[in-house]
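In what follows, structures are represented as structure tokens.
You will see chain A twice below: alongside chain B first, and alongside chain C after that.
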Partner chain A sequence: MMTVKNKWVPYLFLLPAFAGLLLFKLYPIISALLQSMHTLEFLTQLVRFVGFENYVSLFNDPVFWNSLKVTLWFNLWINPFQITLAFGLALLLNTGIKQITFFRGINFIPVAVSVPTAAILWKIMLSPEQGVVNSILVALGMSPQPFLESSSQALASIVAIASWKGVGYWALFLLAGLQEVSPSLYEASSMDGASKWQQFKSVTYPMMKRPLTFVVVSVTVANMLLFAPMYILTKGGPNQSTNVLLLESYNSAFLYSDMGRATAIVVIMLVITAIIVAIEFRILRAKH
Partner chain B sequence: MKKILSLISMILILLLAACGGGNSDISDENADTDGDETGGTELSFIAYSNYEAPLEAVIEDFEAENPNITVKLELAPFEQLMETIEIKMGSKSEDVDLLFVDSPLAVNYALKGYLEPLDSLMSPDIADAWVDSAVDGVTFQDQMIAAPMNSSSQVLYLNKDIFEEKGVPLPKENERLTWEEIIEIAEQLTYDSNGDGQNDVFGFSFDQIDRAYQLLALSDSLDAEMVSENGLEATGYTNSPEAVEAFQFYSDLFNKYGVSPRIDRAESIDYFISGKIAMYLGANHNLPKLEESDLNYGVSLHPYFAKGEVATPTGAWNVGISKYSKNKEAAAKFLAYLTTGEGAKTVFEIGGTLPVANELLDFIETDPMYDEFPNNIIRISATESRETAVPRPKTPGYLEWETNMNGAFKNIKNGTDPQEALNQAASEIDNLLKKYEEAVE
Partner chain C sequence: MKKRRFRWELYLIHIIIALIVLLPLAFALISSFRPLDEIFKFMSPVTWKTFIPVELTLEAYMSLFTERGFGRIIFNTFYVAFSNVIFGLLIGSMAAFAFATFRFAGKNILFLLVLVTFMIPPEVVAIPLYSLVDSLGWVDTYYGLIVPSIANGLVIFLYRQFFLDLPNALIESARMDGASWFRIYWSIIMPLSKPVTVSAALLIFIQQWESFMWPLIVTRSKEYRVIQVVLSDFTTEYATYWNEMFAAAIISVIIPVVILLPLQKFFVQGISSTGGKE
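Right, the complex of A and B next:
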């Protein structure tokens, strides 16, 4: 009798977590999937089942393909950029110089600034009309740049702004990882005559795979879903150059009254993100 | 074991129920207390934040007369107003009673079932209180779906000091320049005042930069229609040769002549007040703000193309009652107070906006108070709104049209070829308008 009871106890403890998962993760996903197969009829206000019609119309829509391209292109640049910078920053913040805590504090400041505040500040600084960045460029004898107002520079400007805000945060996780690497490994390798680079390649990097996996996956997910800077700074423009999928989905839902299209985009994004994350897990699988 | 199993399933069911039905339960409770006569009624009103001062004054007076009704303002800046309405109304939220309705969106809101027709809620002859054009704008299938609150027009404000400094004669108050003349004068008034190599005083700027509301006056002057008769096609209209010519002019202001600063709408009035713009084509309701500043300014009439017609922007704010409101009677009472009689007068006096109530328009026309500057700006606007104003395109998908056009205007400002920008916008708009086909037939 006791054993049967005991068998259920672990599940009971798991219940709150499972209920949370079900409620906050699975339910919205299923709900989105169902919504993406429906459309709202005006006048009658009836919700009609349309199967995969929303997906078919998306695949025939050049705006969707452009947004998909922008999203992937954006992620192709921002993720390696942020991870490399974060790793570099973490290595610097892990050095043993005096007052390192001061630098660690500074590093964290952009993280504490909210995304809208950061976006608006950068918008003012990057303004083509008398923005401070252009004033500096002109003072240095360079020509002023349009930044967010140009379709060739807007996405890169957003990569820069998002990285300014994000890198310090991700560096923190990598820093924690670096501090977990046992000093004895470095001692042993230096006795074997390993150079700094060899130490990094053979000690630091392999030992960092776990925190790195976490950071890589989190950065990818965060940037796939990033849309606040585009929403605040460019509204997807100029010429759709920053119109990422999530912004297009937002517009469909809340400007164009097309919830079916909006949720179809979200479902597609979910699939793409899942595939990318799965690949990342595979590549970064720790061997120890 | 059975006990635990049933416990688990019960918790799960409870959680799911809380998730699925939670919203409506909570709203119902609210609605009950709101509707309670003894406890008083609270109305929630989604409004454009620029109207905070006049609306609060009206609400104060209204609440004094109707102690058991309170009105709570939910303010949003222009950029977020439409989205706030879409999100709230799209989710059939019951906590909205009254909402701002931009004239060209009235049909769209009616199609989506956001608005309660007013005919059964307000007295049948109330429509006589407003000018016909305003009533037309909010009539859908022979029913009034919102009440007009105010209208707007644009005048050409002039910074007298810049004109004097550059020795350019100031246009007269009753003079209507052509766009060609505007360029000529603006070029003389654009210069680098601090010697840093970049122009910082500009000859001309629109108030609502990149906004269809104001820029349509360009294409209207060349008689370009923006959408097809049934309001469902933009290609061939939005990107017609006339439209391209009109918006090529917009592009030239920034890219060819460099007489307008590449700024956003929100910055334009401050640029004018701080003396960085010589000629500012702006709304009449900027008047209170200009009077507060110490700017030495004058006024002239809205320009037009030499080969075209005189056309000025217009657009009204209306207020509608939500279909999902639980307090429609009380909302109608407030709405009548706001848009006619004392309320309309307060909105006009405090907000400086152009009224749509016949009573007030007659007053502006005849009262000597409006003979002299700066109050004559109100009279000029009233005349323009009756004689030269062209309403915005009629389409059930005005929000889609406008959102994409505003984006196109921004691209044109930043150097995209107008033909290219308008072609792209037109094809995107066509795609978005398809969903209204069934509704319009």
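Right, the complex of A and C next:
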């Protein structure tokens, strides 16, 4: 479309959407910054400016450091795990076997499964005493596992549950990217005698950079801010082993009515996520 | 040319993946039709009765609607989702029309703002947003559930991409006939935009259907609970009613499946056009 110069009309069209975006998406971020520098006085019920006090007390709080560690550790595992599986699945769904649309349809189903739904299905199935997974393990002659009720297995169980729900969705983006790679590129490279691995390295990977960057960044943001599985399955436990930052922030706000602390955690989370995403962009751009 | 041989190892991998995806859902579906005591009775040790029900009943589903107020919950969820779809499409396409049609001061900065807001996930703003919504008096109301998520950067982005590819002549001839800008948007551009409208509507609907953290924060009473929050409440309130939990999970899955499967193509088009272009 050709664009027309106009003084007033475009703003009328923009007004309703921008009112919403500014008020409900952008303002809360600024408001988080402001709220994190205030505290609510219990006696007077007045809000008082305290500068960086909320941040300072976070940095002296072992609970916060534990949450930060859990969040980073969780992301260190789940992000490469989901991205690798999603890429593998996309490659598999891009093969020319006859029933491929059927298999694509099946892998599409988890898109319709919400994170809370996935969480409660697996909560029942992973139940240590009567869950079907342990029944199967016992039937196979293995010992039953505590899964979500042990501090050494809970986080790994959440990685598995979130990936069961997420991988098919992320694979959709990569599959769309793969389908845009022209088959003539493969034909040309196989005529030059390139092996499968060389083909992947010199044709598939460079062509996939854009969707891959998008998926890497989106997966990171989604998992840095994952909340529902921890809230529903473990409430941060056992022993705070799944107490990620967003859950700690939620509890500060709605369990302990400490908005200052809650928003300070949100701001820190935003900064960390932005730094990680910036690094990911750097790495994916540089490797040419 | 490509030779096509039967690749059994590919089929094997695909079947294993399909089983991993489907088995938990199939197990939930079957279990949702069993009487409660049967689920526990046959859970361990594993026999064929663990997976194949001896007796089928609609008990769990009936109880959801009679005892747990699921009629209201499903109504709430649809009401919130549809309101978001209708208003979200309207204001999103209007903003996109402005970006695609006009040159105006501040255009680039405003569009950058759209991109920034759709990169910011709702979970980040949920907690600070609560204070604002609370001061508006919207906690525990439909306003609180619906209004904050209506403006959606992703929808603006999708419509803009689509509008940019429409031919100029459409607008030029309409201008020549003296049509107003709103008329051009409403009676010429929008009727041509059905594919992107379907894609955007599906994205909004799924987003709303699966939304959890914000409805959890902004509602208190049972009257305004939506399905995902109720599922979560179930795990603490009725944790031993496994058949009902399975049935509730199946309801939460089946509605988007029924809507998505026939329209899969549009959904994939929608998300792939955001993924490819950043």
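Quick notes
In this text, the second predicted complex is superposed on the first by the 259 of 288 C-alpha atoms of A that agree within 3 Å, B and C clash if a C-alpha of one lies under 4 Å from a C-alpha of the other, contacts with A are read in each partner's own complex, and residues count from 1 in each chain.
What we mean here is this: contacts are C-beta pairs under 8 Å (C-beta built on N, C-alpha and C of every residue); 3 or more make two chains touch, one makes a residue touch a chain.
These figures come from a predicted structure and were not determined experimentally.
In the superposition on chain A, A:Leu91 makes contact with neither chain B nor chain C.
In the overlay built on the shared chain, the residue A:Ala194 is in contact with neither chain B nor chain C. Once the two complexes are overlaid on the shared chain, A:Val181 sits clear of chain B and of chain C alike. In the superposition on chain A, contact is made by A:Leu255 with chain B only, not with chain C.
Look at A:Gln130: by the touch rule set out above, it reaches both chain B and chain C.
Touch counts on chain A: comparing chain C and chain B, the chain ahead is C. By the touch criterion stated above, A:Glu41 is placed in contact with chain B alone, chain C being left untouched. Residue contacts after overlaying the shared chain place A:Ile272 against neither chain B nor chain C.
By the touch criterion defined above, A:Val138 reaches both chain B and chain C. Once the two complexes are laid over each other on the shared chain, residue contacts for A:Val50 go to neither chain B nor chain C.
Within chain A, the residues touching chain B in one complex and chain C in the other are 4-5, 11, 19, 23, 27, 130, 135, 138, 253-254, 259.
Contact residues on chain A toward chain B in their complex (touch as defined above): 4-5, 8, 11-12, 15, 19, 22-23, 27, 39, 41-43, 45, 61, 63, 127-130, 135, 138, 144, 146, 149-151, 235-240, 251, 253-259. Residues 1, 4, 8, 11-12, 15-16, 19, 82-83, 86-87, 90, 111-113, 196-198, 200, 261-263, 396, 399-400, 403, 407, 410-411, 414-416, 421, 424, 428, 431-432, 435-436, 438-439 of chain B are the ones that touch chain A when the two sit in their complex.
Of all residues in chain A, only 1-7, 9-11, 13-14, 16-21, 23-29, 31-32, 35, 89, 92, 95-97, 99, 103, 105-117, 119-125, 130-132, 134-136, 138-139, 164, 168, 172-173, 176-177, 180, 210-211, 213-215, 221-222, 225, 227-228, 231-233, 246, 249-250, 253-254, 259, 262-263, 266, 269-270 touch chain C in the complex they form.
For chain C in complex with chain A, the residues that touch the partner chain are 2, 4, 7, 10-11, 13-14, 17-18, 20-22, 24-25, 27-28, 40, 43-46, 50, 90-92, 94-95, 97-104, 107, 110, 113-114, 116-117, 119-121, 123-125, 127-132, 147-151, 153, 156, 163-168, 171-172, 181, 185, 206, 209-210, 212-213, 216-217, 228-229, 231-232, 234-235, 242, 245-246, 248-249, 252-253, 256-257, 260-261, 264, 267-268, 271-272, 274-278.
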